[in-house]
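Common to both upcoming complexes is chain A, partnered first by chain B, then by chain C.
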Partner chain A sequence: MAEQRESTDIQFAVIGSAGDGTIAAGDILKRAMAGLGYKVIAFDIYPAEIRGFGKCISRVRVTTEQAYSLKRHSDVLVSLDDSYAIPHVGEVCDFGAVIYEASPIARQPEGGHITAHIRPTQLPYGLNQREISERATNAARSRNIVVLGYLAGLYDIDPQAFRDVIADKFRSKAAIVTTSNTAAFDAAYEVGKTVFKLDQGSLGEPVHAREGETATMMTGNGAIVRGCMDAGLDTFFGYPITPATTILERLAAELPKHGGRVLQTEDEISAISATIGAGYTGARAATATSGPGLALMAEMLGLGVMGEIPSVVFVSQRGGPSTGLPTKTEQSDLNIAVFGGAGDAQRIVLAPTNVDGCYRTAGKAFEMAEKYQTPVVVLLDLYLSNRYETVVPPAKNPFAPSMNKGLDAWRGEGAYQRYQKTDDHVSPRAVPGDEGGMHTVTGLEHSEFGKPSDLPENHMAMSAKRHEKLKAALTHPDFTICKRFGDEGPVDVGILGWGSTFGEILEAMFAAQAAGIRCSAMKVVMLSPLPEQQIVSFMDDCGAVLVPELNYEGQLANLISGALGRPVTRLNRVTGAPMQVEEILAEIRRLAQAKAA
Partner chain B sequence: MTELLKPVYLEDKLKQVRGDGHLQYRSRSLPTWCPGCGYFSVAEGVAAALNRLEVALKDAVIVSGIGCASRFPFFMDTYGLHTLHGRTLPVATGVKVANEKLTVIAVGGDGDAFAIGGGHIPHAARRNVDITYMVFDNGVYGLTKGQTSPTSVQGFVTPSTPYESHDQPLNPLMMLLSYGAGWVGQAYAGRPHHLADMIVEAIAHRGFSYLHILSPCVTFDKTEMTYSNLDVRVRDLPPDHDPADRMAAMEQAARTAAPALGLFFSETRPTLGDGFADVAARATGRPAGKTKAARKK
Partner chain C sequence: MAEPTHNVIIGNGSAGNGAAITLRERDPDSRITIITMGSLPFYNRYDLPRVFRGCDDWREILVHPLAYYDDNRITLRRNSRVTDVDGRSRSITFAHNEVMHYDQLLVCAGGRGYLPEELSDYYGLMHGFHSFEAAITTRRALPEGGTVVMLGGDMIGLDLARTLIDVGYRVALLANEYTFWPHRIDADERGGFIAALEHMGIEVVDGMRPVAVEEGAAGTPARRVVFDDGGSLDGDVVMPFYGLVPTAEFMLRSGVDIERGLLVDPQLHTTDPHIWAAGDVCQIWSAADNEYRFYYGWTNVRQMGEVAARNVTGTNEPFEGVDDERLHIGKDGHILSPFWEH
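For the complex of A and B:
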């Protein structure tokens, strides 16, 4: 069956070795397309080892309508190294193009050339990558730019957009780098324009952002950083770990420009400890890590819960357990985020589902940490942290600069009580420097004064206080804790999802709807406290409930069926790669048929 | 025992204590320590030191870990943060990084410091974060009832080492000196006036200061670090000791049989806060100020 390609939805895959400039080519491509006003989602895969070779793939999906995930099939594959690209020829859809080196320098062994693998339904474009590069620049190094020029010519894309990005990308290098790369681009552009086209492929008109808005491209981690900056982050403490490291690195560059402070600590225990220490002084403080670091932080998060100290922890998940799959994506740290640590230690856990959500969630996490005096864990994953999307940042900073209930709110008689009972269970919080607010915060169970107390009625009351106060987070202003998409009212199949996988879930839902299945999907952004009411009423509408997750145990499925006592159908994958839309769709179909039968 | 040569009359003592103002630093909670515990002298010493340095109650933060020693913040009327076992220093670092204006004092026992928290000490020292760290060394785990600690003598018999401990004790002063700590001193709970003086100096030092306090646990150590043993073992640093000489300080620190009291080492160098000022200057392109010159030294 020929998959009909829409000209306004085209996915490029550039494949080569690390030394070929594969990732750089993908980067220029996505930036140029975003600059033209297209919507872009992009995700790179590179080898775990640091070295000059190893397979790199840069996938860039360019659309005019909003897209929510990458596609399983690419429309155009660009090979910078056949040995790496050959296994991926199969991912090119029918009538999709494969662009490859037409005159390889070495004689290829039988089957070593990509042309032997291109199917009759795919469109082969041989391009003299090396020769064009050498002619334009006296070196073969610009092959990655040559393929971009060719693409621009072939698909009739404004070349100036590329030239601008090339100039920007090599700004810090000698001027000759920009000139020679631009020359390579231009030469290949002419070739692409004049080549005999095997299809009518051209991109539709881009959709520009509304007047006064500028779309920019960001990764999930980039959006987290931006959210932190807009929320007025004061201090950040971190210890490098994939895939969270870029949060530390970018904040290290950005925060000091705005009066903030970043410290690389000796380990994650130290990072969360310092974050809690800073939070105690009233600062907005955060740290970022991955699963192994979160495991180390668990005890200190408990102190944050017990002492009611605000802090924000960004956790970008990777494959686990233990060191696991450091460069692969997974969603298997939900359990530790929600439950990790000693005792009854509920905290707020949020999981954005896309790059725009990363920005909002980051900023709101600081509001919530302050307002409810608690640690807030923001769960990301490698796929979300590293993927690029075009987003339109809000014109006005959407985050409240302070939500602290300070010493001013203290209305008590006599000595100040840090943990005073109040209607909303949140007590006025004095911080060092406040006259008359002196107290000691402790991880021991304590009285309203903060004095250690293990009396039974006190521990009962204080446990209730720490849990009850969090319920208000379910109605935190201007924040989507969960949201339903798709068909309204009763549906055959409902899908519950969280984190990055929700993009694939949405795409699968649209496909199922197109196939005539009544279907809707709900994203759960707040995972603790759980929006039980909303989830229950969603489930009431669903014939069957599917929970696709990138973990083996079904951690959200367990959370929901545990808390609500309702059965769900699980779909669990731990391949290290994002879930495939088709896999979800197949499950939706199966459930819909089972219901019909 | 020079301090006790004159008889002390309660009335006079009370008048004197009320008059000098240091009582305001003590909270209404009476220490829960065993009578005779060395920690009482430290509480008195810190109150006296803060009073002498005129640190406002609201601007002082005492951070501790877990242990008998770490109960300390509850007995002071400043801001306090009683954290987790071993995490005193990173929490204190976070407090100071977030608010430079605060006087931050970190306290804990020898187990809190050199067992579970040992990994944090070198980093606080090399960063030169402007806080004071006081370790109350009783050579035993007090709170958990008498097990061996990293500073216990070899062959120590405790409930967890009923057939004698095998491990050799650490030498905390030597460690701190080699970690690059900018201020290293030692005091003894049995000499409270000297202790108070040392606390004043440690707090006044600009940068990371480490004060090691020998402090008997009267309940769980009846044989080793007792007052009677320490009274005869401790000595003063030689009058010609040069606190600018790190190697000489190490030589003194190596003589563990006769622990020396006093200032082992002191140097001033840019603090972590200075470092942040430099970073801010570079990030914003504004002049770096005077901290650069200090770094050259």
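For the complex of A and C:
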């Protein structure tokens, strides 16, 4: 008989004020749990302000089975600051634990202490965070490490995994920093180990990676960087903007080590201009920005489309419009990614749905940019950019080092025409220095030679060329443009989703299936050109189609309705937070009941 | 709109919970808060022996379903130790530094196990039975068929002893003046009751005074109780049962009169017009006895809570304890206490 293994699905939420070490605690927790072999999804929420005040939340979901999103309800809430944690006590599930400072120094008004808000169904654990920290380190600032020690003791988690991460995290600081934090951790670990456990106090055994595989923790932005590196990115130009800045920062640290170049430009217009310029020279080039930056880049993207110049633009969406909500997540830049700019400027738009997808999409974006000679926009969002997941990087680099249709395809027959009409609508591309490849590139409409031409038949033909060539991207090798999950054949409810929200969609779909609803979900990774055939086929199977999105207007719903003329049911939220599984599930139930009626 | 009356109850036992639901019934609009030092919702303390029958889950001994508190709009403040009550400002201060206002206060804080001064140094080597957590900890320390050395006894300990013997443990009882607490036993009755204990399977050691508790030597049980004559008794756990003392220290600066417990009139009113008391924490004036006296047992304590709550909401009803507080010997030869009824 197979050995029975207890599965684990536990979500921790550490909540405190900026400066409490909340995010650092969450970081150590997730790295320790990933190191032990658990699957981890984690997401941090922090204020727009730099430091000193504002709420910070680090949520870490630890599982033995594959999970696709964070849960609405955490199993453990750790308060480093009651004033920020109290509003979140209601998010703790029944028989979930609330861990808090038992002996705050400051006088609390009535209701100011978290014990006033813990429901009878929740389990209170008072911990003298400050006192333990002060005894172990002579200072109170290791409270965030104290709570980790307590968690490790309470849930019987191997303390060495935490000690290793603590040592790694503080290795660039004086040795005393690691020593004192480890002492704080150990002191609280003993307290957690001996405290009376009000509920089951240990996790199931982790699932260890298969032989030859090494699981690692990565954010969406981290995976983008890794994908860029593995795809052989040559140059990167960027201007800092939340939540895309970490792509620039990490590439600035990594790319030069491998012979690449990173330049921080004076603004986003320069960044995209330089990227397109580098792409023109044959380099694999990219930039990264957010919605406001993409708005500035729109004109140059048009030049990239018109000039058929490869470039990759990573866009991590945040709340908009304008400066909007810099530290909150949203999916409201689909319109500008697909349509932004002057004229009929179709480009490839991709949207990965998880961290692993970020890696694959980043690398494939460079292939597509080269192969179809076009800008490629990769849409992320703050939730995906900053979300940590355990991923297993492929053992072998999956990306082609070059997909350029170079002068070999021209074969020197006749005069070189940069925009020559071909069967696949992709012209042989010369880069500066290619002998015999001299040509003109302009933002004006042009002939096959690249010379300006506003003849009606030329504009018709060139517009068709620029659009038709992109259709081949729908069958780009070794890349999933869309994928169906759940029940096969006719279903009561189908869900179409894109980007980070698809994790919540999958969780909702599984819950709906468990409730007896025939249900399927399709993720749409390629949003331009739209995989119409697959979407139509999916919709044909669905009694009702739901499109949950983190935007107000229903931008994917509009895209589908406009392109396919099919009605969909919209579910739109702009709370700055990820979509909740329960909201999607409720809508699935409603649609299923309506169909049954 | 005026703020609703805030009725605060300190104590989450049968008195406090009896008071809470009575208050809710009689004053539907009031705000009710129960404060407890414990981590758990209200459970029946008289059900704690079930822990030694294998009950591992505190949810099995809860008196009410967890939805009860929301259903009755009762706020339960757990892990909240009151350090001070100020009768003039009608405020409560918690150990966690929070200050709470009350309009009417019911003190139902109960009592805690008494430990003679000469044994207090050995507290860490003894096991408790005052809470679910303590009972579980004790059970985990007790090997199958192991020996419990009970110091004193009292009706709480003897109730536990019945269960321990029934499930296969050995109980050695160091009998003394607390053995039948809170019953008042005449000297000529004592021998009969001791014999009844032995008949129940309890190994009674009478007349020996423990002066120390030590860790057992290697190869022997985990604990050793040392007597004043140099003799000793080995056991796996040692549990003190010397009756209860009121938990009333936090009331010392409240302005109410305190002797051993909070002094209340028959209507359970303290000397502060906004403070009542019920349960093991209070001494009630008995005109018949011409003294303040304690009343124990589930029935008495529950009734006290209900009476106090009725008086808080406008009646002027005296508390009347159960008539028969005598210890009996049943037909099976075992002792029977009315305090065990619940």
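List of remarks:
In this text, the second predicted complex is superposed on the first by the 589 of 597 C-alpha atoms of A that agree within 3 Å, B and C clash if a C-alpha of one lies under 4 Å from a C-alpha of the other, contacts with A are read in each partner's own complex, and residues count from 1 in each chain.
Here is the rule we go by: a contact is a pair of C-beta atoms (placed from the backbone, for glycine too) under 8 Å apart; a residue touches a chain by one contact, two chains touch by 3 or more.
This is a predicted model, so every value here is computed, not measured.
After superposition on chain A, the partners chain B and chain C are seen to fit next to each other with no clash. After overlaying the two complexes on the shared chain, residue contacts for A:L198 are found with chain C alone; chain B is out of touch.
Set against each other, chain B and chain C differ in how many residues of chain A they touch, and the higher count belongs to B.
After overlaying the two complexes on the shared chain, residue contacts for A:P256 are found with chain B alone; chain C is out of touch. Once chain A of one complex is fitted onto chain A of the other, the partner contacts of A:I118 are limited to chain C, with no touch recorded for chain B. Shared-chain residue A:A174: touches no atom of chain B or chain C. In the superposition on chain A, contact of A:A597 is made with neither chain B nor chain C. In the overlay built on the shared chain, the residue A:D234 is in contact with chain B alone; chain C does not reach it. Our angle of interest has its tip at the CA centre of chain A and reaches the CA centres of chain B and chain C; in the overlay it is 140°, to the nearest 10.
When the two structures are aligned on their common chain, the gap between the nearest CA atoms of chain B and chain C comes to 52 Å. The part of chain A that touches chain C in the complex is made up of residues 94, 101-113, 115-116, 118-121, 123-126, 196, 198. Against chain A, the residues of chain C that register as touching in their complex are 39-41, 58, 66, 68-70, 75-80, 94-101, 133, 136-137. Partner chain A is touched in their complex by these residues of chain B: 29, 57-63, 66, 73-74, 77-84, 87, 90-99, 101-102, 119-120, 122-123, 272, 276, 279-280, 282-284.
Residues 234-235, 237, 253, 256-257, 259, 261, 263, 265-267, 269-271, 273-283, 285, 299-300, 303, 307, 431-444, 451-452 of chain A are the ones that touch chain B when the two sit in their complex.
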